[in-house]
Amino acid sequence: MKKERLEAFSDGLFSVVITIMVLELRVPVGHVTWTSLMGMLPLFLTYVLSFVYGAIFWINHHHLLAATLRVDSTILWGNLNFLFWLSLIPFFTAWVDENQAAPVPVAAYGALMLIVILSYRLLEYLIFRIHHGNALVVRTLRQGRREWASISLLGLAIALAFWYPYAAVAIYIGVAIMWVLPDRELEEALTD
Amino acid sequence: MKKERLEAFSDGLFSVVITIMVLELRVPVGHVTWTSLMGMLPLFLTYVLSFVYGAIFWINHHHLLAATLRVDSTILWGNLNFLFWLSLIPFFTAWVDENQAAPVPVAAYGALMLIVILSYRLLEYLIFRIHHGNALVVRTLRQGRREWASISLLGLAIALAFWYPYAAVAIYIGVAIMWVLPDRELEEALTD
Amino acid sequence: MKKERLEAFSDGLFSVVITIMVLELRVPVGHVTWTSLMGMLPLFLTYVLSFVYGAIFWINHHHLLAATLRVDSTILWGNLNFLFWLSLIPFFTAWVDENQAAPVPVAAYGALMLIVILSYRLLEYLIFRIHHGNALVVRTLRQGRREWASISLLGLAIALAFWYPYAAVAIYIGVAIMWVLPDRELEEALTD
Amino acid sequence: MKKERLEAFSDGLFSVVITIMVLELRVPVGHVTWTSLMGMLPLFLTYVLSFVYGAIFWINHHHLLAATLRVDSTILWGNLNFLFWLSLIPFFTAWVDENQAAPVPVAAYGALMLIVILSYRLLEYLIFRIHHGNALVVRTLRQGRREWASISLLGLAIALAFWYPYAAVAIYIGVAIMWVLPDRELEEALTD
């Protein structure tokens, strides 16, 4: 089985998920000053954060599938499971936004990101299982260290959200920054 | 005629159909407890069910077109007919959701799924007609047994919906599970 | 310049345009009988009509680009012009729907379809201009007869809409049926 | 690393961004005269302008990536940064629309376009950096002259918007026209 359609379908879903979030940014009718735009800053920042998370997942999905040689039905389902959780990002982003970062929505946002990462790890495992001899896949998976760090930090942030929701948000931002920084080792593996 | 653009267009439509359903999940403004999230559970479950049905149709469409060698105008129209019914899934999902699984919406949901399966069978037939000598297509079509089981079960569920809507929903879930389980025979045919 | 990205971008736009129309089909909350679903029939039929028009344009665009060997900047702009008018279909479909087929919206709907066909002819001309020696393109363009029939019929329907809007709608349906019927001559040209 | 998925993902995002703007065009319920359609003209014109800007960015992105031979992680992020700003176009288009071209929304619209162009230049620079010996990329980048003219004109328009918002809009239209006109030099470079 070829992987091209899996990539095409995933790309379609990624781009729709990322873009429909912008529909949640409601236009301030009758508010035509910079101040009214500034009042939307928290909303914009949540949008930026979710866009960056979407982008991180897309880039890693891109690397993972570039190293994949073939797919089976289990991988198709593993990918659909990952995309399902990803598709909930706009909903939980809107929940945080419309309730001014209340504890439970902030914790739920982190929990969703945790589930997305875990379902991504499951997809990695399913691909690894049928490519165990393949050097490139193994090296791509080396970035597992960053994944475990993210999982621990998100777990911490979810607990923290109930007392200090903004501290949790700060950790979410920190995790995102950690992933945006280039991984020199992976880069080298991929350019070989 | 090549099949690549048919696949690309179908993938685009599949991903939009699946993702716009998430727009129907309205954020509970001012409700910031886990209880309010739990109150959304029935909505989430309908979303999960429709996502899984969309995923099942995508996977089967993927297998079918992977085995297809060439397409003609009739197949293009058969595919568009299938995609038309598929595009109505968000509407009927929302109708079930916003009326707490009332009998008629639940029956209509099942009837739509029945029509989608029948239009998929028609597409299979149209592809089979111009590939009759091709072994892979024939073996892909062997999963017809599951299709007929689904058609019978959905017919039963639609009738049942008028008295026991939740029993109908249970059958819809059962049909979905039946398709998620791997088909070892098909898997072997495709990996040859 | 290669045509692959032009096809991919067009497919993306086609699938979004066709699918967002389903968002206009508002769920009848609190209405849970078949009668309430029947009350939506006119809406559904307009959706079907616009879906079929979208499908016709996609199939012809598919054939035209399959015969195209190379593209230049003028063709890119001709294609974007065609897609622009296509993107207005959801708006004019909704205008007809929400005003029970009032004369002006019905006439405007026909006028839009006329402009889409004319912009499609312009695209054909731009492609023809740089492929004048190519037999396949020439034969694909032979279906010009159907195009001119559509243009005349749509012109007639627009005028008629002011007195008999339903007669205009009947003509729109007739034009769509004319295109859905297979063109044996074109089919043969494409399978060579 | 191959560029195909970067193109596919970008095309998906471009087509969704361009098409969801049409969702902002609300249907005038109960208004069924040409006059009521004419009353929507300013809205339509803003939609046309944003569609044309989207189309210009797509065409240039298309040319740039056609000349690109390989991509690295930095380019993936540069592209995502460009797409992020692009995804905000529907929001700022709606802000201008719903406030009848008030000074601040008009200035913000121009500022967004300025940021999109600057992030596009950054992407060009990142691609140029790893292709410095490649003649086609260098020639594609020659259109930098038009970019600097746009940047200056948009800067001027943003300042002007506070006193004469319509003059600013006129400059936005002028910049768009400048880009729609073909660049003979680039055309020749690409057809070689």
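All chains are identified by letter, namely A, B, C and D, in their written order; residue positions are counted from 1 within each chain.
Methods note: contacts are C-beta pairs under 8 Å (C-beta built on N, C-alpha and C of every residue); 3 or more make two chains touch, one makes a residue touch a chain.
On a predicted model such as this, the values are computed, not experimentally measured, just so you know.
Homomeric contact subunit A/subunit D is classed as different-residue, with under half of its interface positions used by both copies.
Of all chains, the one whose Cα centroid sits at the greatest distance from that of subunit C is A. For the pair subunit A and subunit C, the distance between mean C-alpha positions equals 37 Å. One finds 26 Å separating the Cα centroids of subunit A and subunit B. Under the contact definition stated at the top, the residues of subunit B that touch 2 or more other chains are 8, 12, 16, 20, 23.
Listing the residues of subunit D that touch subunit A in their complex gives 1-2, 5-6, 8-9, 12-13, 16-17, 20, 23, 72-74, 76-77, 80, 84, 87-88, 90-91, 94-95, 98-99, 102-105, 108. Interface residues of subunit B, counted against subunit A in their complex, comprise 7-8, 11-12, 14-16, 18-20, 22-23, 25, 27-34, 37, 48, 51, 55, 58-59, 62, 65-66, 180, 182-183, 187, 190-191.
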